[in-house]
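What follows is chain A paired twice: with chain B in the first complex and chain C in the second.
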Partner chain A sequence: MEEKIRKFMQENFSDGIVREDDFRGQQSFYIRKEYLLDVLKGLKEDEDLRFEFLIDICSLDWHGDSEEANGRFEVIYNLFSLKNKYRMFIKVRLEGDNPEIDTACELWMTANWLEREVWDLMGIKFTGHPNLIKIVTPDDLVGHPLRRDFPLTYEVPRFSWNKDDPPEVIL
Partner chain B sequence: MGLEEKIPDGIMLTTLDKMVNWARKRSMWPLGMGLACCAIEMISTFASHYDLSRFGMEILRPSPRQADLMIVSGRVSRKMAPVLKRLYDQMPDPKWVISMGACASCGGVFNNYAIVQGVDTILPVDIYVPGCPPRPEQLIEGILKLFKKVEQESLKDKKEKQVKRLG
Partner chain C sequence: MSVEAKRRTMSLNLGPQHPATHGVLQVVLELDGETVVKATPQIGYLHTGIEKTAESKLYYKVIPMTDRMDYLAPMSNNLGFCLAVEKLLGIEVPEKVKYARVCLTELTRVMSHLVWVGTHALDIGAMSMLLYAFRERELIIDLYEACAGQRMMTTYFRIGGLAYDLPKDFDQKVKEILKKVPEGIKDYERLLNDNKIFRQRTIGVAKISAEDAVSCGLTGPSLRGSGVNYDVRKALPYGGYEKFGFEVPLGKNGDVYDRYLVRMEEMKQSLKIAKQALEGMPEGPHIAHVPGVVLPPKEDVLTKMESLIFHFKLITHGFDAPKGAVYQGIESPKGELGYYISSDGSNKPHRMRVRPPSFVNLSALPRMVEGGMVADVIAAIGSIDIVLGEVDR
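For the complex of A and B:
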């Protein structure tokens, strides 16, 4: 199965692949942002592979890491082939503090909520998304909590020396 | 006692406060509401092993209209806070609140954007039960402490507080 996917990717999207990664049997491809929809569509609709099930979309923030040089944010598409019982990952690296990426809503309806979650918690904008609004955080919360530069605490902890002061809110 | 000797058998003299408080204390119905892991300990408290029916409060009311004790069992997220406030407002007076566990009392380890830092910022709490989560014995101790508090209440004060709260 690994070989089959590798061959498929090399034949159809040789320009789009940045590199292939293999971690303990988990096959993943880093691809260029522009090729994302073509790759997803190809994997979904290929007769042999049939990655029809989008399990999850998640994201990473490499802020402050040496990896940040390749782009601060990373979006990971977790695909599953029901026919082959095989799982693979498509990863995209994004530059800048306010990154944008194309939506996968037209391919999978489930991408709608998954992308809203990524937008809400990590602040990655999905262009073309029909309803890109908050999904989990409170409506009055400003910012994207899973970003590494988001404040870790809400109130300054109270010790013996500041117990009489009102709690200072950080956000 | 002077007066009781002169009235017929089977009649007992007491104050209204004492009698009403006794009734309230002995039929306190908690709201069946679990928020987090503390709820598991709360459920265990109500189940047969710890058997809270010994204290006349084994019935968990699924409707706030029939409940008079709210046990805030666990962390309250910022999105849950309005719901909690609404449930509390729907409970008829007199009503009491137990804040169970570290998270409900002060936010616990969740000092972050998602969790209310202490349920006392939105509800008037009567008893705080510490622990993470508190054992059923601790919750029972808290409930007994609440009973002590109820015994000492006066109807007038309670009413005045209620009027003040409702504005």
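For the complex of A and C:
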């Protein structure tokens, strides 16, 4: 199975792959962010591989880590193939403090909430997301708590008290 | 004509203070008469930042926090985290630990499903079910108390094994559970399976097709009720599950009734696994011998210098994990519970991501209830079995 996926990735997305990782028997590919949707779509719709299950989307922040200088944020797509009973990971590194990446909502409905959570807690913007609003933190909390530079001590968390933009009234 | 008069729909807040939402869940419903046009779940009332807190804790200090996520199935949560860290460190646990963990987590599944069947039946009108289900659940809680000294927040599993050896009357207690719970399940089935009211409230309600269920990321009994055969224990066995024989019950229609049938059958299968685990339990140590990662036995700490050093170092500094990222998914009673742990080589997790089954399953709620009746929303919330502690973390 590993070989099959490697071959598939090399044949179709040889420009998009940054590197392959095989830590503790978990196959994962680091890819360029422009290729993300094509790769996910290709893996989902390929007759042989059929990675039709998006288990999870999660994110990392490498702020302040000198060894991980190529891109501050990392978004991880956890895919599972029901047909082959195989799990693999697609990882994307993002540069800058206000990163953006394409949404996967058109491929999976579950991406909607998972991406909202990543946006809320890590501040990664998903372009094209139909409803990218906060999901777990209060509406007026300023900042994204899971970032490594979010203040934990000495500073109190900042709240806007909705002074500038009152929340939309649900009708 | 004013804007208000043109509106044909009415919005209704279901929750957050509502006993049938199983916690602080708010669902904003757009109603046209009694039909639900749009449902918007609002979550976050119980957000405690467990993922963030874990970043400033030594690895073994994260375990008590995992109990508090899915408080109806604490041992499953412990297991997921311990397995993930063991995978990261490359530790192999003793055979006895594997059997004991399987036995306890399967009983945890029974316990969680018992609470579910009680509250779910209560939500849709069968009052007495709750009392019967809690009667059987008490037996499993007693076993927890004998093992860990705690009835609910057990924190019994450790990285590399168990906190203490199994109690002397473990066999006897599990045998009592294996005898009494199946009798209870028979009673529930007699009460509910052919109950006219229960069937009318559940059959054909909150349907979800197999394709939609996969696209929505449903896992666990909610997915298998739609007939998709995905059980982490079978698909990607962990912690010794490949040694046990059991079947994965599947539904057909993907409605509330099928999800109920799947969970009832799952309880029987879980008891079957627990029985096999009890019978096959080998003798041996209750925790792996890995100096520097696992605390040495107390006698050694008092008599041997090396053990004392390891003890001191572990308590003050913990252990440094190798750099890398691992994911470990387990089949918790609610669905696939996954821990993604990224380590930067220090003694604390750089990032711990929990893949919460309840959160993802809840996101499918609008898909299930839109177009149905407002009373069916309660049945649907009950049938996907959410725990708000896990949804919000």
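By our rule, the second predicted complex is superposed on the first by the 150 of 171 C-alpha atoms of A that agree within 3 Å, B and C clash if a C-alpha of one lies under 4 Å from a C-alpha of the other, contacts with A are read in each partner's own complex, and residues count from 1 in each chain.
Note that in this section a contact is a pair of C-beta atoms (placed from the backbone, for glycine too) under 8 Å apart; a residue touches a chain by one contact, two chains touch by 3 or more.
None of the values given here were measured: they were computed from a predicted structure.
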| item | value |
| --- | --- |
| Which of chain B and chain C A:155 touches, first, second, both or neither | first |
| Which superposed partner A:78 touches (first chain B, second chain C, both, neither) | second |
| Partner chain in contact with A:53 - chain B first, chain C second, else both or neither | second |
| Chain B versus chain C as contact partner of A:138, first or second or both or neither | both |
| In the superposition, chain B vs chain C on chain A residues touched | C |
| Which superposed partner A:89 touches (first chain B, second chain C, both, neither) | second |
| Partner chain(s) touched by A:110 [first = chain B, second = chain C, both, neither] | second |
| Footprint overlap on chain A, where chain B in one structure and chain C in the other make contact | 137-138, 145, 150, 152, 171 |
| Chain B to chain A touching residues, read off their complex | 78-79, 107, 111-115, 117 |
| Chain C-facing residues of chain A, complex | 23-24, 26, 52-56, 58-61, 65, 67-68, 76, 78, 80, 82, 85, 87, 89, 108-110, 112-114, 117, 121, 134-138, 145-146, 150, 152, 170-171 |
| Contacting residues of chain C [partner chain A, same complex] | 7, 11, 28, 40, 43-44, 47, 49, 51-52, 56, 87-88, 90, 212, 214-217, 219, 228-230, 235-236, 324-327, 329, 336, 338, 340, 342, 344, 350-351, 353, 355, 359-360, 363-364, 367, 392-393 |
| Chain A residues within the chain B interface of the complex | 137-138, 141, 145, 150-155, 157, 167, 171 |
